[in-house]
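One chain, chain A, appears in both complexes that follow, with chain B as partner in the first and chain C in the second.
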Partner chain A sequence: MEGIRDKVAIIGMGCTKFGELWDKSVDDLIIDATSEACEDAGIELKDVQAAWLGTVFSGHTAISLSFPLKLQYIPVTRVENMCATGTEAIRGAAYAVAAGVCDIALAVGVEKLKDTGWSGVQPTNVVGTSTMGTSATDLEFSPPAMFALLAQRYFHNYKLDSDEGKRLLAEITVKNHHNGSLNPKAHFQNEVTVEQVMKAPIVAWPLGVLDSCGVSDGAAAAIVTRADMAKNFRDDPIYIKSLAISVGARQGQMMQNYDFAHVEENVRGSRMAYAEAGIKKPRKELSMAEVHDCFTIHEMLIYEDLGWSPRGRAKEDIEAGTFTLKGELPVNTDGGLKCFGHPLGASGLRMLYEVYKQLQGKAGQRQVKNPKLGLTHNLGGNLGGAICSVTILGNSMG
Partner chain B sequence: MVGITSVGAYVPIYRLSRDEIARIWGTRSLGGEKAVAKHDEDSITMAVAAALDCMQGSQQVNGLFLATTTSPYQEKQAATIIAAATELPRETHTADCTNSLRAVTVAMKSAIDAVLSGSAKNVVIIASDCRMGWGKSEFEQLLGDGAAALTIGNSDGIASIEGSYSLFSELLDVWRPEGEVFSRSWEGRFIMSKGYMDTMQRLISGIMEKYKLTPANFAKVVFYGPDSRSHANLAKHLGFDLRTQVQDTLFDAIGNSGAAALPLMLVAALEEARPGDRILLASYGDGGDAFIIRVTENIREIQEKQKLKELLLRKIYIGYPKYLNWRDLVPIEEPRRPEPRTPSVTCLWRERRSVLAFYGNRCKQCGTVQYPPQRICVNCQAKDYAEDYRLSDKKGHIFTYSVDYLTSSKDPPVVIAAVDFEGGGRVMCEVTDCEPDKVEIGMAVKMCFRKLGQRGGIYNYFWKAAPVL
Partner chain C sequence: MEGIRDKVAIIGMGCTKFGELWDKSVDDLIIDATSEACEDAGIELKDVQAAWLGTVFSGHTAISLSFPLKLQYIPVTRVENMCATGTEAIRGAAYAVAAGVCDIALAVGVEKLKDTGWSGVQPTNVVGTSTMGTSATDLEFSPPAMFALLAQRYFHNYKLDSDEGKRLLAEITVKNHHNGSLNPKAHFQNEVTVEQVMKAPIVAWPLGVLDSCGVSDGAAAAIVTRADMAKNFRDDPIYIKSLAISVGARQGQMMQNYDFAHVEENVRGSRMAYAEAGIKKPRKELSMAEVHDCFTIHEMLIYEDLGWSPRGRAKEDIEAGTFTLKGELPVNTDGGLKCFGHPLGASGLRMLYEVYKQLQGKAGQRQVKNPKLGLTHNLGGNLGGAICSVTILGNSMG
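Our next item is the complex of A and B:
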């Protein structure tokens, strides 16, 4: 098994501003993100030989992409994998290029959550299947409640009282908002204090409004090509080192041995990615990471699940500032889901956009020093039965 | 030979004080409190709880009769849902006895006849009601929710049935026309004298004459009363001693629970009875049915548990606004979430055993219990090598939980939990009948049958966890 490492390169990316884009349609967002990506790659849309669209709620079938872009009878595929949908689009595009089926492929992720009038993200159960309970009963717990199950158990296992636990989570919000305040594309560009976060209204104990990511609209796009052709397009292509995805089978929801203090899919997905990219010491080798901070407790667990902090000791790294912009391993340098919100189909590609810019040294005030490898991470589905995708990019071959 | 072989009771945990209702309306309080079914309860869910309480033994049941005036469906039997939830054999004869406050004794009479004729060995009768009065009315204060069950069998059981007597009476004293939710009544003085008092005096003196008995021959008399005063007046008229012979109506603790009122009173009487006691039981509603029962030595078995007393001890008080919300009396803005879809009848049918009787399965290779039942084992991946496994009767505890303010619910917050069962198995489910700030990791829970909601005219029932008190 060879893996994807150094076979495919990203030569162009685009990302819209995220937020409450009342005056933009899904089609507008697709056109804006794709146009920026093509311009960045120095190609025209007609050069694209195959395309992938990732969206959960904002479109059905490939025509949701071919129609706004007026793609001319090329192969187009629509993919959906909950919160990992955006990453799923580039996985399809990159694999097609690696297989030699095409030389230039487009991946677009889009979601407009603000057109529904609902708070949060709607459930995705369809009649006859269920992500929880039975197909007949269609139980729905809100996403913050699902993640609060982790917080309760993590606090319990590591003997953090709710005040201390909430304070540690608040530090993550404060960090991500600081990063977001430096990013003109973020939905939220304001700094917040630990006190504000801790006093915010509770949505699912112990998680409050400011422990939760926003609800936003947005789109992002990437153009990929063969690694050996990448320099024909630009001097600083970014190489794909791994495209890992680990999918649970609801083991944790049905078996008593799952501890609700880690996410198994995070562990499996990241180890798969490190192996494919040839990474042995992730905390040292990674220059930065964009992770799925849908709720603060999840970012805290990710530090441990992805092998950066020892089990139960994320606290020490939060307190030491390890994951801040100037820390040892900056995490969510663009502000994360916390500041971008989570338009499901777009998020994975939005994260890649930040890693791509960082690795090219074009991240402005947020630029990390001397970057070599960057990681993106998404988690979708339900806890105890999730979908985790981990992508690693690098700015040089080998 | 025919007797009552077991009894069961269910009273919702929630109470609304009559002082609270009177305070809201500026009216006089009748005193005491009423039991209020939560928004996830109705006559069917309460009946399932009472039936499970009643059927804890392993007796063979041939019939299940539900007595109620508040079936969620006008066209569709409710007894079948209860039979499916309690896992009765397919050949069980099911029936709904409805439309009358004496529906429960109508069912009893049929069951007694079936047992005496030999067509059935054991028939479970469940009475369950959830009636409502107009705002500000006396009914609003008086009516409470509850359920009781008893098994009529071909043995003396805990009380043998020694005689019966019935009569009908045509008089509109209390009624509810089609399409209305509140019980109506005619002018009080008339219906008390010509309805309740007249009929009950004839009924009770009728059964005593038939069997040549006098009030002195009874240790206890258990008869329906529309309210406490009329109940006491009738006892006095008939010559029963209020203090020693007359079973309390439970109106102070539960309220008038309609079709369930009389069997709940009977359970209360049996929890106090001595072997050899003769009890007169009499219902009222469009006439009346009276029975003479004799308590046996076996009564001690049920007295060890004192089920009803336990039920009356556990309670959570609610305010009037919650009552209005739970009974759909005021439209409430729900969280801004998509409406749950109409349940698929096809899916409900296909998964009836896992949904209604709460069956998972257990892998025969590795022993892993899983819910919902899986064809390929979640632990060892053995294919099609599992046996059905009932989880509704297993003890559980909360492994982790959250208090969800965002999910669509009639009354947020909703407590959600991962529940681990003794003997294996984990489910993700809602925790009901709890005070959210008192839930904790490790808390003991049991499963209970509840209503998730109604969409497209389909009532969707499923199991939830509730703290064991």
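Our next item is the complex of A and C:
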């Protein structure tokens, strides 16, 4: 098996503004994101030969996509993989193109998360509880609690005192809000200070409200085609280098030697992705990344899990500004989950939208210099078993 | 685009007994179906490189599959497309293999439909209401009502009086129960008479309880690999000839000239499948078929929608026994939804299990003579927009 590398290209993408979109229906969001993607690709909707919808709560079945877009009699499939749902939509579309069953495929991710009431049962606009179907996967603790445990254990293992640890996490928030302040599509477009983050109400120690992503609505879409056809559509198609997903099953992280200071699926998923993309030195070869900063501690762990900082030494890179917009490896250049919230089905494609625009040199004030390869990362589930998807895009073949 | 034909083969399948399985959990059903599939393929679970789970209600996310099977860190994806969900699972797996991203993939479909309470709100064990996510797809009438309207209009258009029409439908039940009586995996394994069907309580005229499929639990699984590797695993692999899905969007069937006596998605989906499989004369070329007999009238419409009987003339073929076990084109040889019920995520793969066994000559008392090509058909959604999947398998390449 040779992998997906350079078989499929993205030729158009769209992304709505994210936020509390009370005046938009799910259908509206689907139409807005898809229209932008089609326009960007220079195609019409009737050119789409097959489609994939990623949503957790905002629709069941393909009909939730076929109806608003008036897709007539083509194949449409719904995929769901909790926080990795949006990425699964493009994975379905890309595999179909690579399999030779269609030449132009659409992937749409959407969620009106505000409508689910998740914010209503949480102390703040924090992604709170995951609902899963089988008792086997119900681990009776909420995401803030789970990530707080990881944070406390990380601080303990690497001898950070609480204040020092919390301050490092705050730097991540400050970075992501700075990036979000430059992004008209972000939910939150304000800068924040370390002091504000430190003083924000605590959700689960050491994580406060400003360590946590919000609850928002949004949609994003991508049009993919065969890599060898991509330049028929545009001069700057973006090539898919890898589409990795790693799903754990409890016993991995509940093993006796688990350090409770990393997420094993992040490690496995990223290594799969680097192998598929032919990347040997990710920190050097990647130009930028969009990662799953549901809580600041997770972004900190990701620096290590994905092989960018040595274990226990994310601190040094945070202090050196490695992951800022002008740093060595800019992370969450669009503002991340922190500024976009996390409408589950949309997030993966929203991240890809930023990488796509960056690789085309069209990211405006957030543009990173001379990018070649960009990565997106999602994590769903919990410590008992998580879904980690890692996607890598590049702006040239080979 | 060349399609999926002869790129992927099924090398193992498993299927649980279907029925009211109060003593089995979702995990149990997944394990039972997958174990049979792995044993049949002569592989171990650790040989599986990627997996797809199809379920509507019995689980969210990949973790619902990774946990019971203890799949460690491989890609696992959940798909959902209402009544076509099981077929979507194998479609995902087959496209990934054809795309070259994995060599051995697993597809599992499961549903504990009894646990959803669907039977509790219906007058009988009848698949009753579909739940969909957006208001756009909620057409406020139940499946029995929808199919009853089709039946009444069909009778009207083709000048069948009520008694004659109802008797023809009863013949379909009698056939499917006869087939089910030969199948130890069926939920209902009893024969019924035309008189019993005619006198059964009415659900929505002309459809009675015995025109309707039951509500049951079950699971089925398939192992797929590259067609060129299949004979490394077994002498009699079964090749995928097509994997078509056609999804409508209301305006198709609500068009002014709609006759209310067919399902347009059935027509489109089957034509896509025949084209992909290279089938010109489906009635002659197909050896057998498993179709979506949620209600008897639908099986009758399918004879015409799929191009086996001329419009309005299914009557003649029913009377001639064309679709019986010893007829020209045996349909629902395993007993169909009528005898298996319709655990949504499982049905598509349960149908494929029967075709797979038939094409290998291993269907026991139900074996059709010298089969070469077999078809499965699912329909989900409603008249406002339906999902029709049509899959064709064959026991030789080319």
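Observations on the structure shown:
The rule is short, and it goes like this: the second predicted complex is superposed on the first by the 372 of 398 C-alpha atoms of A that agree within 3 Å, B and C clash if a C-alpha of one lies under 4 Å from a C-alpha of the other, contacts with A are read in each partner's own complex, and residues count from 1 in each chain.
Just so it is clear, contacts are C-beta pairs under 8 Å (C-beta built on N, C-alpha and C of every residue); 3 or more make two chains touch, one makes a residue touch a chain.
Not measured: the values here are computed from a predicted model.
By the touch criterion stated above, A:142 is placed in contact with chain B alone, chain C being left untouched. When both complexes are overlaid on chain A, the residue A:189 reaches neither chain B nor chain C. Legend: residue contacts after superposition of the two complexes on their common chain; A:256 is shown touching chain B, with no touch to chain C.
In the superposition on chain A, A:35 makes contact with neither chain B nor chain C.
Of the two partner chains, chain C is the only one that A:91 touches; chain B does not reach it. Of the two partner chains placed by the overlay, only chain B lies in contact with A:152; chain C stays clear of it. Once the two complexes are overlaid on the shared chain, A:4 sits against chain C while remaining clear of chain B.
Ranking chain B and chain C by residues of chain A touched puts C first.
By the touch criterion defined above, A:205 reaches chain B but does not reach chain C.
Under the contact criterion defined above, the residues of chain A that touch both chain B in one complex and chain C in the other are 132-134, 136-137, 249-251, 384. Looking at the complex, you find that chain C touches chain A at residues 1-4, 7, 25-27, 49, 55-64, 66-82, 88, 91-92, 94-96, 98-103, 131-134, 136-137, 243-252, 264-265, 268-269, 380-381, 384-387. The touching residues of chain B, when paired with chain A in their complex, are 335-338, 340-341, 343-344, 346-348, 350-351, 354-355, 368, 370-372, 374, 378-379, 399-408, 414, 416-418, 420, 424-430, 436, 441, 452, 460, 462.
Across the interface of their complex, chain B is touched by residues 116-120, 122-123, 127-128, 132-142, 144-146, 148-153, 156, 202-205, 249-251, 253-256, 258, 260, 384 of chain A.
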